[in-house]
Amino acid sequence: MRAGLMGFGKAGKAVASVLMQHPDFSLKWVLRRSEVLEHRHVGEFLGIATEDEAFIRSVGHVDIETFLDEHPVDCIIDFSPAESIHMYGAAAAKRGITIISAISHYGDAEKELLHTLAKDTVVFWSPNITLGVNYLMFAGKFLKKIAPWADIQLVEEHFKTKQGISGTAIKIAESLDLESTEINSVRAGGIVGKHELIFGFPYQTVRLVHESISREAFGNGVIFAAQNLTGMGPGLYNFEDILLPYFTPNPN
Amino acid sequence: MRAGLMGFGKAGKAVASVLMQHPDFSLKWVLRRSEVLEHRHVGEFLGIATEDEAFIRSVGHVDIETFLDEHPVDCIIDFSPAESIHMYGAAAAKRGITIISAISHYGDAEKELLHTLAKDTVVFWSPNITLGVNYLMFAGKFLKKIAPWADIQLVEEHFKTKQGISGTAIKIAESLDLESTEINSVRAGGIVGKHELIFGFPYQTVRLVHESISREAFGNGVIFAAQNLTGMGPGLYNFEDILLPYFTPNPN
Amino acid sequence: MRAGLMGFGKAGKAVASVLMQHPDFSLKWVLRRSEVLEHRHVGEFLGIATEDEAFIRSVGHVDIETFLDEHPVDCIIDFSPAESIHMYGAAAAKRGITIISAISHYGDAEKELLHTLAKDTVVFWSPNITLGVNYLMFAGKFLKKIAPWADIQLVEEHFKTKQGISGTAIKIAESLDLESTEINSVRAGGIVGKHELIFGFPYQTVRLVHESISREAFGNGVIFAAQNLTGMGPGLYNFEDILLPYFTPNPN
Amino acid sequence: MRAGLMGFGKAGKAVASVLMQHPDFSLKWVLRRSEVLEHRHVGEFLGIATEDEAFIRSVGHVDIETFLDEHPVDCIIDFSPAESIHMYGAAAAKRGITIISAISHYGDAEKELLHTLAKDTVVFWSPNITLGVNYLMFAGKFLKKIAPWADIQLVEEHFKTKQGISGTAIKIAESLDLESTEINSVRAGGIVGKHELIFGFPYQTVRLVHESISREAFGNGVIFAAQNLTGMGPGLYNFEDILLPYFTPNPN
């Protein structure tokens, strides 16, 4: 699968690194706003041996229609600022390119655009594209359905300087109807990211725990999404849509 | 729901205690092999205020057919030795009484009998009747299906004197095709019981953890089973059968 | 060692149970305010086989001076209301009886009395008499001394109905100069009690975790205190005083 | 403090990165066996802004006596192969340069040399130079001394491909006299490194847990060692020697 990447910040670099090392994926190019690193090779920059084209180009120096024709891809992975969907969305949809977006927050205009694009191509949007976190939410919702009387509490741990409740924790809390008093935020040292859902029963406790080791986890989520979107028709999908088929009777 | 209890060991006592305190259940009687405590009242013995009949009778002193006619129940909960199903099974099935068995190991003769009884009544058998442990197995199997490449390891912790790998750990390992080298048994002090399933991904970790606080957890599992078997037709069911309906699309 | 016990609430019962089963201790009597259970035998009431005298008497029915002469003990263990120290303190100190108090909160009058009594006998006071919790505070203080730059956070977990921050968490926080925003309180189901001290470093994390399994842990703390106070001269001691001698060079 | 670094493998790079960013340390040079990267600048290579000299030189191209005279340092930090102590040891000791070695295994000849060098300068050797792991061993030994009756179990977790029991786990086990059956090794995904010491009591559990986030933890250990060795006279020291002074009475 030929992939193009929008954005080359910390998360973007980690995703590029995973894509280049995966046998089923080929990173064709990276488009970014900054002109730094333009014309460098992602593999050479990150110190990763790869046969992927993987060149870096600045958005300001390309015409997106021409660019997509000259450097065709099967999917565009978006870790760039929210507004860049306006730049490439229509051009991608017109060509039937799958859009996989990991943007945390979209405004109303962007959300509306996603719906429009989804009429022509596969559009996937997940504010947290980590497989484990999405599994956690999914499995947690089922446990709540099974045992609505259980007390649910969320503990999230991150590095000292992280401000506010983590976006992932807010998303987990929303999916389980937790109140903000039921979220506990621990801030200490260099903890990468840990989310622990505690289900309290009178005589037992169930804990669902997700720990991030590094940002490359986003890359694996992207690959999981891309592979599970294969063969789907145009439409707007989220992570729950691609997990649901696994939750069918007779998991054996 | 009127319940009769077979067996009054440590687990049986804990289950009786939970049943007597649940508004939807009424403990009619306990049948046990020993003659100790015969004609005592379960509530009085355990120091629990209840209006349930809850008398204790020795198996050797009753004729089971007459007994079930004189003291009718909707379900029989079995925490007694494996062979006692031969004593009460046919009489219960004939009267359409639901059988809920938490026996750890049945021989071939008993398993065959369960199948026969299941033609006439609802028969439920779960070697570990704790809700949390069964959820763990279920959620674990789905995660394995979603991510078959993940490394799975099991750590179980119990009190120092517990011999061998825990039966629950063996059952979890079987349901996930783990090898015995992938089970780690920690034995220390008075740990009641903890099972931790670790799913290792390259850049993240998911942990499913169950901790037992006390044996009363069996009681809650019995109640969950009894409530979820209501309305079902004759047949042999296990815990997965009653969890599956919750794992359907649109869990919202 | 002959012990008398003040108080027979939940904690008192658990402590009595541990004392009766310990080879080095003999429970002579329990004094309590209530007249319920008067003249019953603790072992018979709790269902524990013991040769200890272990009778129960109501405070209102005894003259403490006469009582202590007729039923002499080496130590009095106090799990009763705070004010009862006024009732037995002077009589105990006069006879050189060691006082081991686990009262959570003493008023100024009681604290002053403790200092007075400590001129004549060994007086030990620890609001939380669990060995593990006191070790946690102690080891935590040393880690803070070694690494004052580490971020410290406390997570405490208890059963759903527990109100406010746990007294133990407050004590741990005080001993480490934590602010209340650095304490996270999780309330869920029937969790007995867990305290987790998290030390965050830039590239590593150290966690000190204490989990209570049951109230009998108080009993073991009482035994540890009593054994480590043996041979000490009159004075007012706390748990740190009896842990310190273990923290000396060359622990091998 | 001016530091020279022997070795530039994964751990060496991480240590260099921490040293260059610490205000009290200045990385003068790196000596390594390989000729790759010779004459490159460590900061430029690792992408870290620094004013440190931090040049890289191949051992085969320098005369160590001349090199140390021309590029004087206060301490040499050794993350290179075990035998390199023969190359620089005498020259460093002669000049009173502190030697801080993190070599996992030294042979008898190297150990003997360390003792000889320690007559002239400060020699520090710690096979695991992480502050947290050393604290864990230290605090664990004290808890064992306080409660010799507690059951101790060790669980260590590392990435799937790690062979055998971790060296750190073996060292912890030795310091606590654990048998190999009391060490549980979990291997899953990309877990960086976790060591959990479990102390089981009848009614409570204490856990001491260390988690590594990244190799830079070695760097912080080096800095802690270097700072705590300041002012010490010639001699052979280990991590326990520099932790002990903190474990003195009145930790307040």
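We call the chains A, B, C and D, going by the order they appear; numbering starts again at 1 in every chain.
The rule we apply is simple: a residue touches a chain if its C-beta (ideal position, glycine included) is under 8 Å from a C-beta of that chain, and two chains touch if they have at least 3 such contacts.
Predicted model, so just to flag it, every value in this text is computed and none were measured.
Peer 1: What are the mutual neighbours of chain A and chain D in this structure?
Peer 2: Joint contacts, listed by label: B, C.
Peer 1: Measuring between mean CA coordinates, which chain is farthest from chain A?
Peer 2: The chain farthest from chain A, judged by C-alpha centres, is C.
Peer 1: So using the touch definition from the top, which pair is joined by more C-beta contacts, A-B or B-C?
Peer 2: Answer by contact count: A-B.
Peer 1: Rounded to the nearest whole Å, what is the centre-to-centre distance of chain A and chain C, using the mean of the C-alpha atoms as each centre?
Peer 2: 51
Peer 1: Could you put a whole-Å number on the gap between the CA centroids of chain A and chain B?
Peer 2: The mean C-alpha positions of chain A and chain B differ by 40 Å.
Peer 1: How many angstrom lie between the centres of chain B and chain C, each centre taken as the mean Cα position?
Peer 2: It comes to 38 Å between the two C-alpha centres.
Peer 1: Could you list which residues of chain D touch at least two other chains?
Peer 2: In chain D, residues 189-191, 199, 201-205, 213-214 touch at least two other chains, as defined above.
Peer 1: Any idea which chain D residues touch chain A in the complex?
Peer 2: Result: residues 189-192, 213-214 of chain D touch chain A.
Peer 1: Quick check: in the complex, which residue numbers of chain D touch chain C?
Peer 2: It comes out as residues 130-132, 135-136, 138-139, 141-143, 145-147, 199, 201-217, 219-220, 224, 243-244, 246-249, 251-252.
Peer 1: Touching residues of chain B toward chain D in the complex: what are they?
Peer 2: 150-153, 155, 157, 159-160, 184-191, 198-205
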